[in-house]
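There are two complexes below, and they share chain A, which is joined by chain B in the first and by chain C in the second.
This part shows the complex of A and B:
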């Protein structure tokens, strides 16, 4: 602990646990609104524990920091989005070229450090290297937080602890995590010269690519792969359903260590040409919410407490994008608004804080969560991460890998379906189901 | 490193050499009772390979842990004691 908490001061209007995107946003907005704010993180500096994929949506961040485009440590503006089905060596790829600056790639620790500095610049106090052990509640009202023997009092605590909800579970506000609601992300950072990146991915200077991959790269575990171009590196990784992967491992259906799945992805003949001379400069893992409403706690507020970001289960996973950072930032903005309003109404009672949940329910986050509710089930459905990529790539093979005769599209579809033992009606039914969820 | 060697599958031990830790003297994760734990799942899914078997005994080496929480999700507090390293110790991601 670099600074003893007691040396700072022992009481704040607001204590925020966790300096991720959610916590930093809350700290910035609340300090700017004139409250005394303490932002605490267990890591060394903000974001030092935050491994992620790589693509952040800009507009929700610009809503708070209009200077984002100019000042934030952005690596590349995403100008191309790709999606691939992989089956063995066969790959079918779709690419979309974007027309404006919607999302950017960035190292999350860098982005979050920038946000934490923003919070400090408007008067928030940031303390790192401190683990909060407990959110203290007395007589049904939040009293403060405890780290070891130190207690810091607060009128409001904002829980921004992220996906691993040790504090909320202790309070009884979240139940033990369900492994089927969570994925494990395993990732490598590959260093590669920025010019080479631009050449290989057909990018102009400063432009980037986001690429999601479905198919047998996950060895039958529900999930998928990602590839993001950073300034002079490429992030690649797999996101795997923990519950399903664990079942498969226990049944002996999965024998390889997860790192070896990521290595096979890196060395896949279709993908490795992009980074063949790259060195691996980092490797690691972190959990991600699978998506939908299943990780949301029953309540996002109590007397003197608000829950934001991943801790509140607010991550949108549509299968073609993961949005956890902009949703965390937006939830924190709504929490900050609610706190200011509650202050004006005379106190941080449950009644005055209830508005937060209503704001969430009216926001784009909740609409997205409800809209894509059940998408986890779709992507967990064997059909989509095994049968469908197999079928799509087989059709590709029929259309493009013929030595003599060229079959019609329809013929290719019918023959492939027969060979994969899938009925056309089932394909239509399943596609209809996805289309409704996407 | 030659291109040839870059296109070779790396072992987990080699991947771990890419990372930086400030290891806490106190272990933040400890197996209390391995009875009923999904041992194969822990060994295969812990991304850093912290779990391994020595004969019949499940070993946990906390030094390479990245504090992801996967083993916590796959167990219960009476079987695995799980906490964070103190004082900013543990994994120090430099890029991601």
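This part shows the complex of A and C:
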């Protein structure tokens, strides 16, 4: 009783490659606008490869899902942001208490699965565990996608393939990344009772903490550490510049394996008390891009194609943290708007899709990227990763670790600078640069 | 031709880690997969259908996440997939499982028409009993051939089967309906296809049956219907890998060297005693 005349589903208005935050958002908005939408991901389930617990900004997501606060799998609302300089076992910490719900901690596979379910609820078809091998272009116009021997036709393809741009590279729209534009994120998840988390981090019920760490925990590799409190676990890890790490290893300056860097971070006497008795339940590593603007393809659109999210280089990497969820979501929203407008104008031609790039350039994402342009250089500067934390903690030691006298702030600064062999002028100059870039 | 293929959703034992402190397997976060030895069975079923016509129905008795496994079978090209799932089926040994599966096959016959072949993989990577195909065959009182490498439909009611044993190859002709167990790695499974997956989704080719549908006596299924008792489990200690190079004079010398190296290591010695000689230390 095999169905002989199979209902052939080989054509959709929109095919979206990649079910990360960008792809799921595009699928949701376009299906809701009435298009037939196919969303495809190679992983099992949406966002399954995004093995991190981190922090996401809420408002850009609320713009699309006003029900976010109520429905999304939010772990904790970030109520405290901390920043620490670490040098050996000396630590200088700053903390800021937030007044409203700006960002939340979340386990990304959960958040992205939620987005994918939203997309399916308004009619998008989500197929997982299938790889798209190629975006097919015929006579300069996107024709569809190929997976193995199957060709699925589409009026528009939205490329949301993330940082690994196999498809865009094949189309000649993006080049292979160089190691200096990539960083490696490595993380561990430590399970800990939610009450203990709240006690140890001084949080009210449901509140969370985001903590960034700079200093010699990266053994001089440009990068930094992060700590996020999840519902009943803590996510810790490091972000490391791959190119610089490789250079250092070559020069014999780096002998340790990354996993042992994370391990020393976990065992650091200042931090480890927070996760005493916690079990490691997960660990993993993943690549991220560094500089957004330099990673952006020459064009974000062609006849029948739009590029969104990480694939478009739309992510902000400050050196210790990576922020790409809200930017991916926003870029997908702008892409969906453009597609609806192009449809009303009569077609998905390059001319009609150009508006997408203009929208991106007018958006907060682009402003962020421009503002952080050059931050890579600042952060790549050994000064920031080695000298500065050393200096800051030395000043701290002078101020707080003296047995008899209490030196003035200025005295502490001058003495520390001399001992670290840094000129005060250089400090002021460097700080000025950092301040301008932040 | 109506062919049923049975698949099992198993933890990926290659990704399961062993916790030496508690002596248990760490299954948390370990992705499940379709039992790899079932893939040649799916492939054989599809080849028979492609040559003789008809339809292939994949069945699995498992908790709900196993829909992912059935989606894979649909992606390979099976025509219908049925997940048989119910809390009362939990904790089943092979007897209770084969009981449910055989009644699933009976119900398929009632709903879709007579079944000609039931095909299983040889065994599963997580339990390796190889009981299921034989037990299903006995419940149904159908003939059963295992270690099958090839099969061909001769005419509507006869199938020719090749099974490869260590020293000889046997060929059988048997009347359908029959049950086949397919030898491991005998056929290369085809890839999952996007079109198949889309078609399966639009034509709603994945259906779920519970005990409301099968209406089996709850004393015969799940934990209650399972007489098997695990008397004892012995964990194999994990031995870290060490690389050593030894240039032996001949095979005898090599064997002697390997055994003597193993005997020097306390854990390996214990393993050898347990597995090779069955001696308790």
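The definition used in the following text is that the second predicted complex is superposed on the first by the 422 of 438 C-alpha atoms of A that agree within 3 Å, B and C clash if a C-alpha of one lies under 4 Å from a C-alpha of the other, contacts with A are read in each partner's own complex, and residues count from 1 in each chain.
We take it that contacts are C-beta pairs under 8 Å (C-beta built on N, C-alpha and C of every residue); 3 or more make two chains touch, one makes a residue touch a chain.
It should be emphasised that the depicted structure is a prediction, and the values quoted were computed from it without experimental measurement.
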- Query: Just chain B (first), just chain C (second), both, or neither: which does A:255 touch?
  - Reply: first
- Message: According to the stated criteria, A:286 is in contact with first (chain B), second (chain C), both, or neither; which is it?
- Response: first
- Task: Check whether A:129 is in contact with chain B, with chain C, with both or with neither, and answer first, second, both or neither.
- Result: both
- Message: Between chain B and chain C, which one contacts more residues of chain A in the superposed model?
- Response: B
- Determine, under the contact definition given at the top, whether A:411 touches first (chain B), second (chain C), both, or neither. neither
- Message: Going by the contact rule set out at the top, does A:426 touch chain B (first), chain C (second), both, or neither?
- Response: neither
- Item | Which of chain B and chain C A:38 touches, first, second, both or neither | second
- Task: Answer with first, second, both or neither: which of chain B and chain C does A:361 touch in the superposed model?
- Result: neither
- Task: Touching chain B in one complex and chain C in the other: list those residues of chain A.
- Result: 1-2, 44, 129, 281-282
- Query: Can you name the residues of chain A that touch chain C in the complex?
  - Reply: 1-3, 6-10, 38, 40, 44, 125, 127, 129-130, 132, 147-150, 152, 281-282
- Item | List of chain C residues in touch with chain A within their complex | 28-29, 31, 49, 53-55, 68, 71-72, 75, 79, 112-113, 191-195, 197-199, 201-203
- Which of the residues in chain A end up touching chain B in this complex? 1-2, 42-44, 47-52, 107-109, 128-129, 131, 163-164, 166, 176-177, 179, 182, 184, 186-189, 230, 233, 235, 240, 242, 245-247, 249-250, 252, 254-260, 263-264, 267, 272, 276-287
- Task: Report the residues of chain B in contact with chain A in the complex, numbered from low to high.
- Result: 1, 3, 6-10, 12, 15-16, 18-19, 22, 38, 40-41, 43-45, 47-49, 66-70, 72-74, 76, 83-84, 86-88, 90-96
